[in-house]
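Each chain carries a letter (A, B, C, D, E and F) given by its place in the written order, and its residues are counted from 1.
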Amino acid sequence: MEKCSKTKMRRGLYVGRFQPFHKGHLKVVELLLRKVNELVIVIGSAQYSHQLDNVFTAGERITMIKEALDEAKLDSCRCYIVPLIDTMVHSIWVSHVVSYVPRFDVVFTNESLTRRLFKEAGFDVKAIPKYERNVYSSTEVRRRLVKAENWEELVPKAVARYIKSIDGVERLRDLLKSDK
Amino acid sequence: MEKCSKTKMRRGLYVGRFQPFHKGHLKVVELLLRKVNELVIVIGSAQYSHQLDNVFTAGERITMIKEALDEAKLDSCRCYIVPLIDTMVHSIWVSHVVSYVPRFDVVFTNESLTRRLFKEAGFDVKAIPKYERNVYSSTEVRRRLVKAENWEELVPKAVARYIKSIDGVERLRDLLKSDK
Amino acid sequence: MEKCSKTKMRRGLYVGRFQPFHKGHLKVVELLLRKVNELVIVIGSAQYSHQLDNVFTAGERITMIKEALDEAKLDSCRCYIVPLIDTMVHSIWVSHVVSYVPRFDVVFTNESLTRRLFKEAGFDVKAIPKYERNVYSSTEVRRRLVKAENWEELVPKAVARYIKSIDGVERLRDLLKSDK
Amino acid sequence: MEKCSKTKMRRGLYVGRFQPFHKGHLKVVELLLRKVNELVIVIGSAQYSHQLDNVFTAGERITMIKEALDEAKLDSCRCYIVPLIDTMVHSIWVSHVVSYVPRFDVVFTNESLTRRLFKEAGFDVKAIPKYERNVYSSTEVRRRLVKAENWEELVPKAVARYIKSIDGVERLRDLLKSDK
Amino acid sequence: MEKCSKTKMRRGLYVGRFQPFHKGHLKVVELLLRKVNELVIVIGSAQYSHQLDNVFTAGERITMIKEALDEAKLDSCRCYIVPLIDTMVHSIWVSHVVSYVPRFDVVFTNESLTRRLFKEAGFDVKAIPKYERNVYSSTEVRRRLVKAENWEELVPKAVARYIKSIDGVERLRDLLKSDK
Amino acid sequence: MEKCSKTKMRRGLYVGRFQPFHKGHLKVVELLLRKVNELVIVIGSAQYSHQLDNVFTAGERITMIKEALDEAKLDSCRCYIVPLIDTMVHSIWVSHVVSYVPRFDVVFTNESLTRRLFKEAGFDVKAIPKYERNVYSSTEVRRRLVKAENWEELVPKAVARYIKSIDGVERLRDLLKSDK
């Protein structure tokens, strides 16, 4: 299992909510695995589920990501998938992340607050390589799920199959009724 | 990557604090990986570190476990390593676990409260197969760390190397001074 | 005290915020007491008060409900009135409810998220029998309280008297000023 | 239902953990119901259960108390049974209690901290009338439960029956094993 | 150090978020120091920072206030500057404040909820003396910071200098990008 | 106000629980004020009071410290007295401290855990200059308070006077009864 060799490893950090994990996320993981030996994928807002913007539990999101990586033949043994609850308090957030994940050398993000907080704490922050961000977004996936439009094309096949297996489409529609 | 095949999978759950991860833990993982297709390893009391009984952060424990599994050539791609904070409130603990990990079919534990709570919630609970529990214990590792006795023989080589690399021996001794 | 006989009892659960308890709520309690031997009335969001949408404390809401039931000659000894704080975390909410109330056999709700969560947890969920929901609503009571319109006709006499006795009208108007 | 008349009512407060509710507690409720029109029974440390000192959930304790009062033909319609979580922070505890219960005029307690906190907040605090406190104590009930001695004689029949019905004896013994 | 004499002291309370501390706040402190011997300045929502409405940490706000008072030659030795986290739960808020600050005799506020809560708790509440409130507001300072308009004229020189020294302008602009 | 001049300032941090503030603490503050221009005095475990080991509220401790500094003619305008709640989670504690206090250059502590945590975070940590630590300790003050021995000689006169004025001796004795 040569790819798991630890020599001269550089570990990267990638944070998202993955509600749900879509093809854009998968593409990013693929690109980042070319740049670093190991990648820490943090599932943010891990405590939330059954909300319009946070449909799936942390456990469900771990499953989605693992199955999507395996389906894409990406080397999941080079990834750490770590659920992380919010602190609400931004000033301690970097310490909070650091204490829950293996030591990392670089943070990949295009999100402005994440970049700001890690920069103020002295970390190396890099932009995520470009991919078709206007096509793939979790918000759009959720919108299509609700409207019964073609959401499957935006997520890896394994994720679509998994969401159906846990009755995720009905869950989101029920949540929508609740919110009205 | 045949071993990762999901057909007829059965997933097991194994909860510990792993302060630190020792040879006994490693043996249990090895035994359980023969019984289930996938194993969820939950790192309990994830929020604590820098205490006499909880020396290492969740991130440090994830690293230890991953490196020990890789060193032992165990199939880490069949394991989910998930840090989990305590709820303090036992009546919601099972729900809490369930929401942070992939769906599992069986709980492996010899711990009486864990067994009680999962049984009251209707789960299938099995005893952990016997191994030399009187030899390997985290309490004993920490005792030897403090006394500068031979703690290395109780943990996988990768764990000993890692603990030294993060100055873990000195940390525990400093904690001991604080407690007096 | 024949009505309190426990033989062949079936206990129901009814959750609301009761900000404040109005004639519609009272009618529901009356209907449900015909269907079950005992009714658990959970006062949700118990920790909040002195907010525009959560005007009254849990203690004030307990008092309202008790006085309204007594005034209506309903059998309050067959009701459990239990204040319950929010968990924020939906995935543990059912366990949370279960641990704070006597065991119940059926959940009565027309609220979509409540129904979803209890159904996912395997409970028997029934719709609340129809009553004039377009007439009675807590939102409408609060709107009229603010506007000095006839809010008294929407709540039981005992509740109107109680709200006045604790200076509740002035409280809500002060809260409104704060929000601007 | 004359006893429920609210004229010239005086409400008392009585706080306990009731782990479990024993004959001494029942006697106190009986004595206090002679002194006040209504009694608020607060179930403290409501969030805890499945611990050696906190065996039963709040919901289980509500059930015990209600069934014991009914069995003793005490007027449970003059009692409010309110579960209350701990604040940990003593300086806000009185405010916390006040916000979860109906307004009360007098606090009954023999507990020194409770008396101190209510006195500092300006409340009227009275000692609980004497009863055989050296005979009845929750600690003694739990000790006998563990040792399989005659614990039933210390609790009302309804409580003994209830504890057995929820497998409470086994639960406590399992907890004891966990603690070792 | 005559002004610090404690004889016949009357202490006042003044609560704000001070995001940031502007000339209007400074004027209020100056006016209040003429009315009371000592002033407790509570920095509310102390836990928040790096948000659009809560840009600065509690520590940064303490620094701003202290430097502004010194620059204005106000007697900072007669002021207590105390950061205070939110309780979220209004019913315990007054107790919470009371436990974190020296005993005070009067509350100065024009904020309706603050006045309501202290009045319900029996405190003496007075309006803050008039000053040019339509000119000075933290919201306006933040708006100008974002738009690169003249925000410096709204805050004491010491505050402007401090905000620049901690790169506060860039922080707020980064937060704005994040929010979009 | 020459002593308050900020030129070439160096700020120090000093953390304690101050239950209560005694002559040893005062001596330390005096020594440290000779070494730094400004001193941040953090009152730890700020949320606790009315416990055997945490008798006084944060507000009471602020008052004690301020009055003791003034009585000793120390320059309290060069001190920041900041109450800080515990995080329980050691890995984020340094970030937590940093966000609640003005930027500091050096940490003074003889406490092993505090030194460890700040060192791991890269701070300059110095030992507190020697003073008669075997004579002055808060534990000894509390012991004497309980036993009605001469506790007054261990604390500044202003602190003794203040503790008596808030009935602190009786409070501690009541707490002791509660604990038995």
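Operating definition for what follows: contacts are C-beta pairs under 8 Å (C-beta built on N, C-alpha and C of every residue); 3 or more make two chains touch, one makes a residue touch a chain.
From a predicted model like this one, the values you see are computed outputs, not experimental measurements.
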{"item": "More contacts between chains, C-E or D-E", "value": "C-E"}
{"item": "Between chain A and chain E, centroid-to-centroid distance (C-alpha), Å", "value": "39"}
{"item": "Geometric centre distance via CA averages, chain B-chain A, whole Å", "value": "24"}
{"item": "Chain B residues counted as touching two or more neighbouring chains", "value": "49, 57, 89, 91, 98-99"}
{"item": "Category of the chain touch graph - line, ring, star, complete, other", "value": "other"}
{"item": "Pairwise chain contacts under the document criterion", "value": "A-B, A-C, A-E, A-F, B-C, B-D, B-F, C-D, C-E, D-E, D-F, E-F"}
{"item": "Touching residues (chain side chain B, partner chain C) in the complex", "value": "87, 89, 91-92, 94-96, 98-99"}
{"item": "For the chain B and chain F complex, residues of the former touching the latter", "value": "47-51, 57, 171, 174-175, 177-178"}
{"item": "Residues of chain C defined as touching chain D within the complex", "value": "1, 4, 6, 46, 49, 57-60, 62-63, 66-67, 70, 76-77, 80-83, 85, 98-103"}
{"item": "List of chain E residues in touch with chain C within their complex", "value": "88-91, 111-117, 120"}
